[in-house]
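In the two complexes below, subunit A is the common chain; its partner is subunit B in one and subunit C in the other.
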Partner chain A sequence: MTIDGYLEAFRREGRIVVVGASLAGLRAAEALRAEGFAGTLTLVGDEPHEPYDRPPLSKQVLLGKVPADHTRLPRVRPVDAQWRLGSAATGLDLAAKRVRLADGDVLDYDRLLITTGVRARPWPQELEAELDGVFVLRTQDDAVQLHHRLAAGPRRVLVIGAGFTGSEIASACRERDVPVTVAERGAAPLVGALGGVVGEVAAELQRAHGVDLRCGVQVTGLEGDSAGRVRTAHFSDGTAVACDVVVVALGATRNTEWLADSGLGAGPRGIACDAGCRAFDVRGIVTDDVFVAGDVARSPHPLFGYQFLSLEHWGNAVAQAEVAAHNMVSASAERRPHLWMPSFWSAQFGVNIKSVGVPPMADQIMVTQGSLAEQRFTAAYGFQGRVIAAVTFDQAKWLDFYERQIERAASFPPEFTTVDRRPEGRQPVAADFPDPSQPSHGPTVTLSGYSPTDRRVSFTPRRA
Partner chain B sequence: MRLVVDLNRCQGYAQCAFLAPDVFTMHGDEALMYDPQADDSQREHVRRAADACPVKAITLDYADLDGAAEAGGSRDD
Partner chain C sequence: MTSVALLRQVLDYANRPDPYPLYAELRRTPVVRDEAGPYLVSTYWAVKGLLHDPRISSDARNLTPEAAEATGQEQDPNLPPSFLRLDPPEHDRLRRLAMRPFGPPHTPRRVFEMHGELAGIVTGLIDGLRGRDAIDLVDDVSYPFPVTVICRILGVPREDETHFHEWADTIAAGLDPVGTPEERAAKMQDVQQARRDLAMYLAGLIEERRRSPRDDMLSALATEHGPDGQMSPVEMITTSVLLLIAGHETTVNLITNGMLTLLRHPDVLQRLRTEPALAGPLVEELLRFEPPVQMLPQRTTLAEIEVAGTVIPKGAAVYLMVASGNRDPQRFTDPDRFVPDRPDNQHLGFGHGLHSCFGAPLARLEAQLALTELVRRLDAPQLVEDPPPYRQNAVLRGPRHLPLTIGGIRD
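Coming up: the complex of A and B.
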């Protein structure tokens, strides 16, 4: 059979297994059918729920406006799939082209798509993590439990880690008039994602809304009462705070353990794939039949020096899923590269925060419109003389313009004039990102070098 | 009925908040909050909101699109 004949037969009667049944997995399955794939399609998900949307969990759901089980994703088209929900994949045999499931079943595939995403990084002290009242927030089940506790009116909530999720949780607490302490080991909230200049604005925002914000400290221990309920948190500066709910918001960890012995280039930073979403194996060779999309993928991006880029972004999951699906059923000349511009949003303390590009890559920042003090501004980020990212606080309408600047590699500091330029916008200043080897909550967009098989990096919280 | 809003795309024009105020509300000056599982009685309002969105950020379930079977459509998967 010719290669072309194989592709035709595969499109007609092949077997595709998608491991990971969240946003990326669902949109990929829909795109496969839209592309004309008529074979067998199986979706594997570790959670028992059909695909649901996660961003509302830390916003509408914690505010009590929407029940946690009301975020199921709308379907763009029928997928005619076999659903294996509630049964995680536990292993992959690349040679036999077979996925093993936790319930003992095996699934044979002709082509595999991995969209296993990330999970919340748990509190590292297991006994403390098991205390009643200690939560993480990633899944629908997490949101059900946390919302239940917030609705009961806790005396004080402690949020550990002031990244986007932690800050949104703190915002929801304040909106519900629940006292909240936020502990962040960096110098300011969002500092890993947006740098110190914007981080200071985020800190002001939290304090103005009544958050007891403590930066530059670590939580060294959680203490429970005799009934096993969390009661006190101890900090590295010697202080302690009484709290009956603790939310651990220390970022995410990639769901790649099930691939540890598979021979794929999978590790703590995700699964390396090429711009066409094909996974690398540990030898640095691109596989023919294994594709990756969404939060678990890391892929090279031409706008950012072809470094592998890891993105925990909603829009990336959708866009990469569509590219992966297209490429899985297309001849090589028809394939498309995934060249998505990193973009995300966060709503917290009544402010709409949006970002394009890769802020943590920047060395300088300039407030090109509006004012930091008014908490309404646009900031351009520069790296070696070019615009690399932009962030807005309640000025989303300008962001498209800056996206074009990033795509054109426009020079930094920006040469163009802008409306509402203030004195603070005349000079760039240091962007003030923390040393990336000192992880805190972590940015949701990370450059992770050039190696397709990087397995060295792991996160080890320092203990007092 | 299910819906999702691509908030990367959303520019805060707030057309949806005028056309389906029980489903879409502005939270602060610019952030949008919405009910991802709106009551079926809101279907016409939500369809109008999705059509009116200047940046086409609102995605509805195919079963709820114009021309799809009424009463929720049917989905076998």
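Coming up: the complex of A and C.
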């Protein structure tokens, strides 16, 4: 049989297994059907719920505006799939093309897509983590429980880690008028994702909204009462705070343990894949029947020095799922690269924060529009003389322009003036990112790996 | 053909009924100009890019004196500009203050909750046509409807319309960059006088509302304090002048262009009769196909900018030809066809970026309601003449009258 003939047969009657039934898995399944895949499609998910949307869990759900079980993802098209929900994948046999499930079943595939995503990093002291009142926030079930506790009116909430999730939780607490302490090991909230200059603004924002913000401290212990309920948290500076709810927001861990001895190039930083979403094996050889998409994937991006980017971004999950689905059912000449411009948003303390590009790569920052003091601004980030990222606080309308600047590798600092340029926007300053070898809550973009080539590519996105 | 010749033709009244072939000609060079005229930007991506470009200013003070004179954009010495002609941060502050009583985040349901009231106004206007077999859609429905609505929202007595109608028309005509420099200078005198008169009138109303507030926007602007504080008295006046004019000089064209387009596409008209849910996408297509604001002639460059291979120098006058961008085949398949349920219809009809139409949600609702009710209730409407007589204005383009014969009014 010719290879083309194989592809035709595969598209007609092949077997695709998607492990991971959240945003990326669902959108990939829909895209596979849209691409004309008519074979057997199986979706495996460790949670019992149908695919749901996570961004509202730390915002509207905690505020009680939306019930946690009302965030189910809208379906774009019927997927006609066999659903294996509530049954985690536990192993992969690359040679036999077979996935093992926790309930003992095995699923044979012709092509596999891995979209297992990430989970919340738990509190490292297991006994303390088991105290009543100690939470993480990643899943719908987490959100139900946390919302229940917040609604009951706790005396004080402690949020450990001031990344995006931690900051949004603190924001929800304040909006509910619940006293909240935020403990951050770094110098400021969001410092890992946005750097120290913008982190200072985030710190001001938290304090102005009545958050008891403590930076540069670690939580050294959580103490419970005789009934096993959390009562006190101790900090590395010798202080302590009484709290009856603790939310651990220390970033995420990639769900790759089930692949530990599979021979796939999977580890704590995710699963490495090429720009076409094909996974690498441990030898560095790209597979042709295992694809990866979403938070668990890391893939090289030509705009950012071919570094392997792991992105915990909603939009990336959708875009990468669509590319993976297309490539899974296409001949090699028709395959597409995943060249997503990293971007994300956050809503906290009444401010809409948006970002494009890869801020943590930057060495310098310049406030090109607006003012940090007014908490309403656009900042451009520079790396080795080019624009690499931009962040807006309540100025999202300008991001399109900066996205084009990043795509064009425009020079940094920007040579042009703009509307609303203030005195503080005349000179770049150090972006002030913490040493990446000292992870705290972790940024939502991580950079890892490096290719020896550092050629500038011209990258012009196809416009309609 | 040179750009000046093209611009002159676009502005030429004889081409008002159908400027679209001229726009197609323009798009062959995405950015054009000659020695004296403004830079005309005509392709979708170039226009959209500049609408989001922070190097573009709406403030006439950033024009070079030559560019200001050549395009007749001079400062009004008596009254400062409204936020339409300001840049951030002043623009942003004033727009937030004006939005507070009108839309999200502070008043998210304002327009939504006006649905019943708006429908009542349309019903009343159409009821008033009973017994007639000939109507002028503009004078009978398209004009009175949005005027009544903006008067109620702002809190301007409807009966004062006879006063402010002429001032508003004169100010709207001032947007039209037509004529010799001398003619434009004379027109600017009239525009400034009309602005002064309208400002005096609104200043009186604002003072009344400050003393005894009611449930309207003038009262809110005059009495409420938000995180941004309050507008200064002069800012209240310039903002209410802007809202009063923008609130009806544009929507009248949207409704009239809509009915004209439907009468030219009887199959679509019939579809809207039986399928009122089509009104949403149909109005979006209308905003693409026959946008009430054809071009944005009030932009300038804060720095030298390269657009589609052409370098526009600092301080140049730039016209963003949104109606041309809306017909760009690089962006829209079959752009000269009216497709009421066109997918992926990211038109430029309301602009884009920070100056995107303030009243867009209201204009959408007004047009959807008016068109749905007109096709439902007008029996056998027919155009008396096609094309109908147009208003002079090339920027706010639309028929001055739309004479129709009708078989009657349905219930």
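We adopt the following convention: the second predicted complex is superposed on the first by the 450 of 464 C-alpha atoms of A that agree within 3 Å, B and C clash if a C-alpha of one lies under 4 Å from a C-alpha of the other, contacts with A are read in each partner's own complex, and residues count from 1 in each chain.
The rule is simple: contacts are C-beta pairs under 8 Å (C-beta built on N, C-alpha and C of every residue); 3 or more make two chains touch, one makes a residue touch a chain.
The structure presented is a predicted model; accordingly, all values stated were derived computationally and were not measured.
J.: So in the superposed three-chain picture, is A:Val419 touching just subunit B, just subunit C, both, or none of them (first/second/both/neither)?
T.: A:Val419: touches subunit C, not subunit B.
J.: So, does A:Thr368 touch the first partner subunit B, the second partner subunit C, both, or neither?
T.: second
J.: Give one of first, second, both or neither to describe whether A:Lys397 is in contact with subunit B, with subunit C, with both, or with none.
T.: both
J.: Quick one: is A:Ser343 in contact with subunit B, with subunit C, with both, or with neither? Answer first, second, both or neither.
T.: In the superposition, A:Ser343 contacts subunit B only.
J.: Tell me which of subunit B and subunit C touches more residues of subunit A.
T.: Subunit A has more residues touched by B than by the other partner.
J.: What is the shared patch of subunit A, the residues that subunit B and subunit C both contact?
T.: On subunit A, the overlap between the subunit B and subunit C contacts is residues 397.
J.: In their complex, what parts of subunit C are in touch with subunit A?
T.: 45, 49, 52-57, 87-89, 92, 302-305, 330-331, 344, 353-354
J.: Tell me, which parts of subunit B touch subunit A in their complex?
T.: 2-4, 6-8, 10-12, 27-31, 33-37, 59-64, 75-77
J.: Any idea which subunit A residues touch subunit C in the complex?
T.: Those in contact with subunit C are residues 368-371, 374, 376, 378, 397-398, 400-401, 404, 416-420, 463-464.
J.: Which positions of subunit A touch subunit B when the two form their complex?
T.: So the residues of subunit A in touch with subunit B come to 53, 55-56, 59-60, 65-67, 70-81, 83, 314-315, 318, 343-345, 347, 350-352, 354, 394-397.
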